[in-house]
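The letters A, B, C, D and E name the chains in turn, as written, and every chain counts its residues from 1.
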Amino acid sequence: MQFNSATSSPHMMRDDGISQLMLQLLFALTPGAIAMFYFFGWGVVFNLIVAISTALIAEAAVLRLRQREIKNTLLDLSAVVTACLLALALPPLAPWWLTLVATLFAILLGKHLYGGLGFNPFNPAMVGYVVVMISFPREMTFWLLPSTINPAALGFIDSFNLTFFSQLPAAMSWDSISSATLLDGIKNHLSQGHLLSSIDTNQQLGNLFGKLAGNGWEWINLCYLAGGLWLFKNRIIDWRIPLGLISSLSLLSLLFYLIDSEQYLSPSTHLLSGGIMLAAFFIATDPVSASTTPRGRIIFGAGIGVFIYIIRQWGGYPDGIAFAVLLMNMAAPLIDYYTVPAAFGKRDQS
Amino acid sequence: MSADYQKISQDGLWTNNVALVQLLGLCPLLAVTGTFINGLGLGLATLLTLILSNASVSAIRHWVRPEIRIPVFVLIIASIVTIIEMLMHAWVPGLYNILGIFIPLIVTNCSIIARAESFAAKNPVLPSVIDGFMMGAGFLLVLVVLGGLRELIGFGTLLDHSYLMFGETARSWTLSFADGYRGFLLAVLPPGAFIGLGLLIAGKNYIELRKTKHQTVKLQPVIENSSTA
Amino acid sequence: MITALLILSILAAVFGLILGYSSIRFKVEGDPIVDQIDAILPQTQCGQCTYPGCRPYATAIANGEAPINQCPPGGEATILQLADLLGVEPLELNPENGEESGPTVALIDEENCIGCTLCIQACPVDAIFGAAKQMHTIISDECTGCDLCLPPCPVDCIDMVPVKSETTNWKWSMPVSNDSTPKAK
Amino acid sequence: MNRQVLITALVLTLFAAIGGGLVSYTEQSTASQIRVNDKMMLLHSLKSLLPAQRYDNDLASSAISIAPHQLLGTTKTSRAYSATKNTDTVAFIFNVIANNGYNGKIYLLIGVYTDGSIAGVRVVRHKETPGLGDAIDENRSSWILNFNQHSLSSLTEKQWKVKRDGGYFDQFTGATITPRAVVNAVHNTLLYYQQHKAVLLQATTKPVSPKE
Amino acid sequence: MFQLSHFKGGLVLDGHKKISTSSAIKPAILPARLTVPLQQHIGHTPELLVQLGDQVLKGQCIAKATDGISASIHAPSSGRVSAIDEQAVAHPSGLKALCVTIETDGKEQWCEPSALKQNYRDSSNQQLLNIISDAGIVGLGGATFPTAIKLQSCEPATINTLIINGAECEPYISCDDMLMRERAKDIVLGIQILQQVLAAKQTVIVVEDNKPQAIQSLQQALQKQAIDNIDVITIPTRYPTGGEKQLIKVVTGKEVPANGLPADIGILCQNVATAYSVYRAVYLDQPLISRIVTVTGDAINEPANFEVLIGTPMNELIAQAGGYTANIGGLVMGGPMMGFSLPNDTLPVTKACNCLLTRVTEDTRQIPAQACIRCGECAEVCPANLLPQQLYWYSSSKNFDRAQDLHLFDCIECGCCSAVCPSHIPLVQYYRFAKTEIWAQEKERKKSDNARQRHEFREARIAREKAERDEKLRLKKELLAKKKIEEEGQQAAVDPKKAVIEAALARVKAKKDNTTEKPKNTDNLTPQQQQKIAEADQRRQQKDNKDEAT
């Protein structure tokens, strides 16, 4: 009897593939996304819709242009994951074209210019984010107060008009709808020479601050944390990168907090405000652009934490996750080069 | 001889373009091409430098010993650039202020010493001048195209600030395209320069690729004819 | 103004003296790069590169007179190594020089050999032995598969045969790659 | 061998001398034009602060030295220019630094009429976020013109702030720090003028060497 | 006694062993034709001892081990040598190799027992090693390294621990398991011989905890014979614990240095089946002519273990195991993790063949590989602590230097990385490709160095010869000039034309006399080349003879 013998061992392969991994990743994102929706309204949903559809169309188009197989590549869902991460990072009131431009840049410049999935040195979502961050700084401030304390929360129709037609609801101005995020607010507060302890007396900031780390934000981050832990439990992500990121950020913020608690935010505020948990468990762990060696992953995560703290504290932008991730993406090959683990039997040798 | 000049021109403008193929002089290229006029200004300055330096290097090529070749070339180029800088400061101060440090930096533009080394030092004056002109023109072209592109995408205008170079009458030259265009800052910022240059290079390669494909297709029937004949 | 000019001139004079002296004192002879290139070439001495042997080709590459893509026996691997060594972009093998084929060895049809010794004189690596009027034999371990012995043979009794594939020299093939696998850099 | 070395040195010297000579010749022949240009540049920006009919002196040559002062944000001696009409002083133009911009210092030229109202404000140099904080630049928006004519008497102490802080002036959407810094700097300049009015007026009545 | 350790990585796999352990080891039928490949081990091909048409007896040595690393081959049964030629063998390449085909006569007639017939305890180590060597025993765990060589290679009395590997970590395979269950006593006897040869201080039999019956029967055998210097150690089931280096790490906590041997740290490993073969050789005077083969998988009707003669065609074995089920899709020799798939089932069973794994069609379909997303799962499971995806990256881009920097050659090809890859990239094949490519390049490099030397030598020789010729010519000219002067003096009467013709004739004659001119370039030859020359001379002689005859 003749057989087809073209295959090499092993003759056992896992049944699931990349798309299942991505699906689980998307699943883990849902609690955070729902929390975002709860606190920031329909804008989040519109962002997601615009980003996902743009991503899929752009990916299909570029695959066609590159004469690659389209259907299976689209089905690996990596473009959808990129789109979701990006949409959740953008401000909820972002106009549709902002999300579109960001997603286009993420897929075209961040992913396919480098050869598509697996070959992009930078996290595509963060590439897209940074492009719009430096191009449209005004629109990137279109955050709003969390619904729990927002007297002017927008309904579906108002959000729709705002996102797609840039129409403000009657009798409302931009300044009455949009609001600085907590980190931005605190940065302003400090730059005016105020002390952190005076936050409570500042009517607006005090309101924003909530219990722990910003009204709404603390819950969103806890949801992302839960999703991330679930991913870790299912062995979808490596624990080293989140650990490195969270510990370096905590350590740095604790250090400065202990030095001067009036000028530097507490570790808990740092960890649970902005997109830290999203970054730690979903963005920094993108395996393609991260370091791959075990030690390298800890360094990679820690580096992101350090850069986030530096940019938050002394940089020009209120939050620095995207820049921090991209900077460490750049360093990943170098880190890999110097952290090759000792092969079996090489431990005693130099 | 005319074929030679044709080759020199083709080299400078396209096949061996300083910016798109040799990738030389990228520092000023990327830094000043925020607008069309900036690109034009630096391009003209570089073009002038290239012509003059090629001419003088070629003229003195027989008298310079190899061991001091480079210092002499650098001296010549530095002198020319300094003179051009002073002239610009005197006559187009607005542009001078914008281009700032990049005019003296022309000295370190590798394309100039590269042309001096690889062409002017081996050829008579006239071809050298032509070569300088064509290389400079090729560089100028890229500067202008990139500047124009970035200005167009970044601000939605073209030829803005022309008055810096052409005087007050040029104030009205500014072309504005979409009203209420918010601007796409990335294009104006340094990353935009890199992306823009990358796209230009890709575009050039694409055209070349098309050309060679076209040629092979064209060649086919000729071979067939010969075989059937 | 005059002082500036003077200082410039004096500086130039001093550096001119230093340069003039150095150019005589530190003259470099010889070119080690040729050896490195030669070490990469497959040493078939076949002349397909249009040079009379591997070393002349290596010298030509080192002098910038020849591109790195003229060695069919070395093929892609050699071109990659050369590109790596010289820091240049790898090129496709120039089809004018021939095609990359698997390793071959010469085989003399001993029935037909008339013992003319012409092939012995052609062999660049002395891999054929035999004497006049006697049958010649290829030392297949030494044969580089250069084809140079084919043209001189008056009775066409030499064949180039592919090196026999055995379980001992068999190579695993690269898996059929999916389309996004990177090409060799 | 020695001859060769000498020739080498000689050739290089020759080229250095020729190159240097050419450069110095150009320098001499363009020096005056360059000086004129620099002055024109300064004049141009000064002129933009004051309507031309309000003064008749050469603004660029009217510089007076101002000691560093906290209200002007200066730490070194700075220059101010006085505009006169028919030998009467009509306005002063101050070099002011707003130290608390979003990305560092913002350099301003602020023109103040002798009656204590603002003639004009211009940003000379800044590093504010492009597209956001750079709306203080006249080229980007007309926001900076809002200061014209205002004085310590036209607006109260509380009104010399951005709207978000309960003041009179707009901030631009998304950016509060930059306009806040500029408003603050303008306000401080008016305060400075108020305190030093007498000294300043006195200084201009005496001939002041423009070089100081 | 032993503090068990663990190695990094590895996988817990579904064993599938029960499929083939329900029945005892069955003796396989004697096939009509046995095809015995000469190369069944790592090392040199042994020297053939028989000729076409020879009658051979069971156990008769048909190919003798050469010097160096090699192993002898014996006739598995009595019969007639019907062919000595190239036959398809079980090798990933599917290529042919030299085989001896024996038509069996069914008599199973053993050859004469060897002279040595005494208690092994009275034998010297050398005698025992000779027996093991003569019996053609090789490592039966899969590596097929000649056992005698392995035993000889370590310095006397340097082995602290002899580890008998009964881990058998690959799924499906159960031949060692069954052997331990049924022939524990013989295994222990074999181990004692190994102990004596090595003078090992301590000996352990290591078995994975998914083979409780094997452990039990081993312990019983030890108790029954009251042996207290051999211990049975149970270790957790984890693939690839059966790998020599991984096993050592688990048992002793020590890591065998890379590029080193277990003997370097005072340890030697032998497979249980090897120990059993040693017993057979020493006690029963039977060379290695059969082995236990697990015939199993999801596409066979009656999976079981068989005691099979080497050279038995696989399809006959399959038939004895009830034949394939309808959805047969492939046949693998070895386990699912490291075995290789066979192009057909008519190939002969060899010493390396521990398992024939049948696979159903659904399992054999190819999952197309996707792009590597660098998830790092492969690095997690790599028992050699390598970075598989970087190795893949460099192997696929043929950047072999970098691959070697990342310790490509420490890869044991266990297949864990491929098995967990979510992109289904055939990683192991990339490593195998890179390894064989590097070996080939190394060979190529040596050859080109050699060619360069020979070329330079030739150039030098030609230059020298030219110089000599020129010198001769110069001398001749001088001589002629002298002669001319003389001749002019003599006013010669001889016709110069005639002289020239005469000279030419003389030259031709001289050449004729000198037909057996010595071949050129015969200096500096290696013995191999000289041998070839001799062979060629012989052929030449034959040809001449033939010419004469005709």
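Just so it is clear, a residue touches a chain if its C-beta (ideal position, glycine included) is under 8 Å from a C-beta of that chain, and two chains touch if they have at least 3 such contacts.
All of these numbers come straight from a predicted model, not from anything done at the bench.
Novice: Moving only to chains each one touches, count the minimum steps from chain B until you reach chain E.
Specialist: 2
Novice: What is the shortest path, in steps, from chain D to chain E when you may only step between chains that touch?
Specialist: Tracing touching chains, the least step count from chain D to chain E comes to 2.
Novice: By mean C-alpha position, what chain is farthest away from chain D?
Specialist: E
Novice: More contacting C-beta pairs: C-E or B-D?
Specialist: Ranking B-D and C-E by C-beta contacts puts C-E first.
Novice: Rounded to the nearest whole Å, what is the centre-to-centre distance of chain B and chain C, using the mean of the C-alpha atoms as each centre?
Specialist: Taking the average C-alpha coordinate of chain B and of chain C, the gap between them is 39 Å.
Novice: Where the centres are mean C-alpha positions, what is the separation of chain A from chain E, in Å?
Specialist: 54
Novice: Using mean CA coordinates as chain centres, what's the chain C-chain D distance in Å?
Specialist: Computed value for the inter-centroid distance: 69 Å.
Novice: Quick check: what residues of chain A touch more than one other chain, meaning two or more?
Specialist: Where chain A meets two or more other chains at a single residue, that happens at 8, 116-119, 134-137.
Novice: Which chain D residues sit where two or more other chains touch them?
Specialist: 4, 7-8, 11-12, 15-16, 19-20, 27, 130-131
Novice: Which chain C residues sit where two or more other chains touch them?
Specialist: 12, 15-16, 19-20, 23, 172, 175, 180, 182
Novice: Touching residues of chain C toward chain D in the complex: what are they?
Specialist: Of all residues in chain C, those touching chain D are 1, 4-5, 8-17, 19-21, 23-24.
Novice: Considering the complex alone, what residue numbers of chain D touch chain A?
Specialist: Touch list, chain D to chain A: 100, 102-103, 129-132, 163-164, 172-177, 180.
Novice: Once bound in the complex, which stretches of chain A touch chain D?
Specialist: 134-138, 140-142, 174-175, 178, 180, 188, 191-192, 316
Novice: Provide the residue numbers of chain A that touch chain B in the complex, in ascending order.
Specialist: For this pair, the touching residues of chain A are 101, 109, 131, 134-137.
Novice: Show me the residue ranges of chain C that touch chain E in the complex, using the header's touch definition.
Specialist: Against chain E, chain C makes touches at 38, 41-45, 53-54, 77, 80, 110, 120, 124-127, 129-135, 137, 139, 141-142, 144, 165-167, 169-175, 177-178, 180-185.
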